[in-house]
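Data first, discussion second: the structure below is written as structure tokens.
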Amino acid sequence: MQFIQLVVSGLAQGCIYGLIALGFVLIYKATETVNFAQGELMMIGAFSGLFATTVLGLPYWLSLAAAMIATALVGLMIERLVLRPILGHPAFSIVMVTIGIGYMARGLVTMIPVVGTDTHSLPTPFRGEVFRLGGLVISAEHVVVIAVTLILCGALAAMFRYTKIGIAMQAMSQNQLAAYYMGIPVKRFSGLIWGISAAVAAIAGILLAPLTFIHANMGFIGIKAFPAAVIGGFTSLPGAIVGGLIIGVVEALAGFYLIEGFKDVAAFVVVLIMLVVKPTGLFGERLAKKV
Amino acid sequence: MRFIFKTRYEQDIQLFQHSGQVFWYGLLAAVLLVAPLVVSPYVLTQLSQVGIYTIVAFGLMLLAGFTGQMSLGHAAFLAVGAYTEAVLAIAGVPFFVSMPISGLFAAIVGVVIGLPALRVKGLYLGIATLAFGTIVEEVIARAEHVTGGNAGLMVPPVKLFGLAFADGPPFYYLCLFMVLCAGLILINLLRSPTGRAFVAIRDSEISAQSMGVNLAAYKTLSFALSAAFAGVAGALYAHNIRFLSPDQFTVVQSIELIMMVVIGGLGSVHGAVFGAVFGAAFLISLPQVINALKPMLPQALAEATGLQPTIFGAVLIVVILFEPLGMYGAWLKLKAYFELFPFYRKGMFRRQKTFQKSDRLK
Amino acid sequence: MSDPILTLANVEASYGAVKAIRGVSLKVPKGAIVTVLGANGAGKTTILRTISGIIDPQKGSVTFKGEAIERRDPADIVRRGLSHAPEGREVFPLLSVRHNLLMGAYTRSNPAELAEDLERVETYFPILRERADQDAGLLSGGQQQMLSIARALMARPDLLLLDEPSLGLSPKLTQEIFAIVKRVNRERGVTILLVEQNAALALDTADYGYILELGRIVMEGPAAELREKDDVKEFYLGLKEAGQRGERRWKKKKMWR
Amino acid sequence: QPQGVTANQITLGTIQDLSGPLAAYGKQTRNGLQMYFDELNARGGINNRQVRLIVEDSAYDPRKALLGAQKLVNSDRIFMMVGHIGTAQNMAAMPVQFERNVANFMPVTAAREMYMPPTPLKMAFAASYYDQVRTMLPDIIRDKNAQRVCVVYQDDEFGLEVMRGGEAALGLVSKTFVERATYKRGATEFSSQVARLKAANCDLVLMGTIIRETVGVLAEARKVGLDATFVGTSAAYTHLIPALGGPVANGFYAMMTTAHPYPDDPDARIREWAVRYKAKFGEDPTVFSAYGWQIADSFTQAAMKAGQALTVEGFIRAVETNPPPQTPFETRPCAISPQMRLCNNDARLSQVQNGRWVVTRPWVTGAMPTQ
Amino acid sequence: MSAPFFEADDISVQFGGLKAVDGVSFTVAKGEVFTIIGPNGAGKTTVFNIVSRIYQPTSGRVRLEGTDITALPPHKVAGAGIARTFQNIELFEHATVLQNLLIGAHIHRTTHPIAEALFLPSVMRAEVKLREQVEEIIDLLDLAVHRDSMVAGLPYGARKVVELGRALATRPKLLLLDEPSSGLNVEETEDMAFWIQDITKDHGITVIMVEHDMSLVSRVSDRVLAMNQGRVLATGTPAEVQGHPAVIEAYLGRPAEAVA
């Protein structure tokens, strides 16, 4: 029983990692950039949601929508202002720019008087509710996270697999030059994917708010979502979720059964083992260059 | 641009290609040598810190820039060097013994961390090193008996031949000397077969292999060397900061170390040297510059929390946006401008369209 | 000649400080096949890249269907009806062959036409149907070349730029490619700008030719006329007396060292 | 004259976290300090000297704290460091300060190292976490008749101090911890820790936690139905606990020294002070604002007493002769002596009741720690 | 009798269900130019990849001068005396031509990394010697104009030549050339023909080449092997193979002259 409860808690937490990892995978799949500002986008999303509920007084689900739109706009703006000009440059430079964006986002949020440095909670309709099933408990927050994660993942994966836009985005990440030759609007798609990924980040931020609260540094949880994405292969959306679940469960079990401190590095140990056993992750593509 | 007639092969191989380089290196050396006479002790400590970071940057240039292996865990090597040095110094081991041991120990850890590099590339390697870095940080925090754990560890001043090299000029010159040695080693390696093998691995693993380059051996060597640089820097770091705690060596720190290399910019062999110096100077001086500018800002802004990361991020973005080749790239343009004056053409450095190509297949 | 679909006037382009083409002017009449011949590094590829907006010209103008297209977004140019099978194939290595072909038709949306074109190119190159689900990066060199050409055809362009289409293809396929080029030109009225090392085949196929040396156009004329010129015969068709070549083999010793 | 003191100015330094995890506290402490000195300067300063406060940002990183300290001490040449936040940060900075005879006046951290081993340049203002717990926990255990005492703590120096204090306290009542669980700073998820506590059937849980972690643990405990008494230290005594935790926080105890200055405090002086604070900074004060204010006040009283010829030694002598605090906050008398560099070792206990902190056990005088 | 200089003995490789190379055997004598032709996707490059150990054959052995090299790790192949070029050009893009060639000479390095770090005089001497050897290749292939250019900026044809140079810099016994003339015009193809002949005649290097230009094939090859769908179609002199009906059917299309 104890064990199953731990696994359930781990799965719930894992979904959160997976949800954030989705954002990483989205941007990577379309632009082959690792977005180090993903966590900060999430934070911006959470603050937008906070603004929508407390200042504008919108109901929860409306504020979620408002936050998604606002954060998507932020994503679009970031792309337009700082990523577009270096589109096509080596991935490394772009990664560095996203790190810069992360710094700025954190700094700017803390600069907002009163609000920025504080920790806030977001009122939710399901706060504190728990579901009991036999001896197992799972909180409503987690149930919502799990549901939303699965739906989002399914929808986005379908987009990449079946829609022309989705395939074109993969194409442009593999060979940008050829994408231009095909008439794929690389620049517009770069903006689009940043918008989508920012909206996903907003969802993550708002769903996370009851669990971790809203504050300027909440984005650091992204560091844990990284391994989740890698375990899944970094190019697979379902992989990101599976990776997140694995890390969540391992953490929960390690925290209970293993020596102190192991819980904190469990994610990283798992990812290392994964990379040694299967270097491209669980669902990563085979990467052999043919000469 | 300068045109050099070469009459002997040695000319191509020698340390300096032309008198211009000798001049700039000479100028840099002269400025650094007289620095203690003119600057305040505080600035001198900062200069030492720049020197220390320069050594780390050398190692990172070698690894990331020339071998093409990403490391997001370099703070771990710095930590290993620093803690080794601290523990040995506390035990009374003289510096000229403890410092090489610190470097060596970091190199050994580097080999271990380099092992996944044999199987994974690019992004995956980045994550693998990040994971290792986090684990090393945790190990240091846990090994309380040796490292003092999270409570931290005080480090005594450097002892060299019975003399105490506390802060101030002696320690500064020690750092300077180490930078010089490290720089020479870097340049020497890069202009010999080892350096070329690194470049080969970076550009095409398949053909490097077909040319007889043992990928495993050279990748491991590159990690070991880079870690050794960081380890030696860590030894100096321990004495400069004099208080070590695990949270000085986090992922964030690793990323800031990488930042140095990007900001500094990679170029030729000498580009790596200057890039490292620029990058390290940038990383250390930016907070100082921001502080210096504070009085000029409106009060509300100057006192705002989060001002520093905001500016830091903004500067980072601006540098990459306007000078993707880093500060060394900017320097080259400036130099070309003056050398060609008045024949400088406007479009000469106009940026071309560039297209990203997947490095998933390499 | 009918009115040109593409006009380059005095175009100059460079890579950093290296000037690759200098003052190139050329016209491609609607419905024609025009070829550009030139030695290695003459700048043929650069001309094609400039046309499709991959590099921006420093001077001069590029007019396509009466509109200036220089310094535009390459994707935008493609949407105006231009398609480019580039040097180096540039397939999407991790997409399936079928998806590669569909990407070729990215700018189009009529599903019936698309299916028809897919059918057509897969008939041209049956291997592409056979390997429809394989990652394009795992095809052999020549197969990738076929894919690259087929993909360009999938766009149903008004103007098709072909950069060395026969590169790496078997002799049999080389002939077939040129037959296909002629066919799409004749049957579908696609205008073609062709760059090719195999000058004999290129001149056989083309209506009009330009000869490029060191980034400059040095000769132009109807293909049939060019074929008869002595210089062209010697340097591009390889038809010359045996003795003439001998001296090029004299080994130059360098003063270096 | 010592560094940082001129005919008409005294330069002080402080290092706060202005952009890191504790940015909220850092800012509030700075505000408290700044407000006091601004008002003081308007009144004419200390013996006709204006006070200038230079603030450095450590982002809660000891390395940055060290660099900040080097700058303040060597470059800005401050007279004294006041209200520096963070244990590791202070540990990193103190050697640099002491080398230049710059005292560390009342850092905002309750670690024993802030006054031990005693040196003249260390002056601390309130009971350490260790002593808070050691002094108060046995009483609480007796009150609640707790049998199975557990601890959950942040695995850094702060958390360890709480845990050690708990061990000492349990020793006094002949008990040991039934279960210990730790987490890493910044953790957001506590299911496995709480699962451990639950599996051990704890009925009292000592919490070496700060804000979010406190609420996180409380929420998880409630979720899985762990019904125990939860007791934190002054690190968890902040209005944010009820604000973030909502109903989950009700019933949570925390040890504390200075009380949270509610804008509707029964004490008119505190209400008035809170109004001034809000007018200046646009937000309600917190207990950290009060810390800042108190520290500035203690400094000022001592410096006034030290007289016109202000020196470090003169200042220390003045501190040791107990200048009375002038704050509206209910503050305990300060008795720093050459052997004991801590004002007092007293603490109280508060509980969250209906979303508000209420003092439930008045001052307990802690035994002064032995060296 | 002694073992043949080079021998591929019944090699096969399979990718999923596809038999890319299916029981191919052939031998090459020392000093020979041996050409493999075949339609696209016949498995020619795959044969090279097996020889240079990029692919692991599912069955069969490869021997050089009687020694089995089938189990050699890939980086030891160059040391065994086999160098190759790549069909799609795999140069070190961000290095100069000179550096590319020097990397080619990597297996002939004589210095230790520690000596190199200190740049002892011995390192300088070794470097100068390496340079002398590489300069000879630069002379032979007429690469002097490109010596200090970055490979990334070279035209296609020049890269082909650099790749040849880099392979030569390993001082191989056996050289594998994958479509050396693709992308070259007639004149440059002619140069290539001369170089191949020089390489075999003057330097005694054995060449195995994959090529589609039948005029070049006829000119330089001693023997030709035709493949189709992973299997051997025919072997013999260039004329024999070009006259083989199956080869004409699968590969040449019409009589060879029409294409050349």
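In order of appearance the chains are A, B, C, D and E, and numbering begins at 1 in each one.
Keep this in mind: a contact is a pair of C-beta atoms (placed from the backbone, for glycine too) under 8 Å apart; a residue touches a chain by one contact, two chains touch by 3 or more.
On a predicted model such as this, the values are computed, not experimentally measured, just so you know.
Contacts with subunit A and subunit B are shared by C, D, E.
Each step here moves to a touching chain, and the least such steps from subunit B to subunit C number 1. Most remote chain with respect to subunit B, judged by CA-atom centres, is C. When the interfaces B-E and B-D are ranked by C-beta pairs in contact, the top one is B-E. Farthest from subunit E, judged by the mean position of CA atoms in each chain, is D. If you average the CA atoms of subunit B and of subunit D, the two centres end up 38 Å from each other. Subunit A and subunit D, compared by their mean Cα positions, are separated by 36 Å. Chain centres here are Cα averages; for subunit A and subunit E they lie 48 Å apart.
One simple way to say how far apart two chains are is to compare their mean CA positions; for subunit A and subunit C this gives 43 Å. The residues of subunit B that reach two or more other chains are 9, 141, 206, 305-309, 353, 355, 358, 360-361, listed in rising order. Among the residues of subunit D, those in touch with two or more other chains are 18-19, 23, 26-27, 155. Residue positions of subunit E with contacts to 2 or more other chains are 45, 54, 86-88, 90, 132, 135.
A list of each chain pair in contact follows: A-B, A-C, A-D, A-E, B-C, B-D, B-E, C-E. Residues 70, 116, 119-120, 123-124, 126-128, 130-132, 134-135, 138, 141-142, 206, 251, 255, 258-259, 262, 304-317, 320-321, 324, 353-362 of subunit B are the ones that touch subunit A when the two sit in their complex. On the side of subunit C, the complex with subunit B involves touching residues 15-17, 54-56, 58, 93-94, 137, 256-257.
Remark: subunit C residues 52-54, 73-75, 78-79, 83-84, 86, 90-95, 99-100, 102-104, 106-107, 137-139, 151-152, 155 touch subunit A in the complex. The residues of subunit D lying in touch with subunit A in their complex are 18-21, 23-24, 26-27, 155, 180-184, 186-189, 191-193, 195-196, 199, 211-212, 215-216, 219, 222-225, 240, 243-248, 281-283.
Listed in rising order, the residues of subunit B touching subunit E in the complex are 9-10, 12-13, 15, 184-185, 188-189, 191-197, 199-200, 202-204, 206-215, 221.
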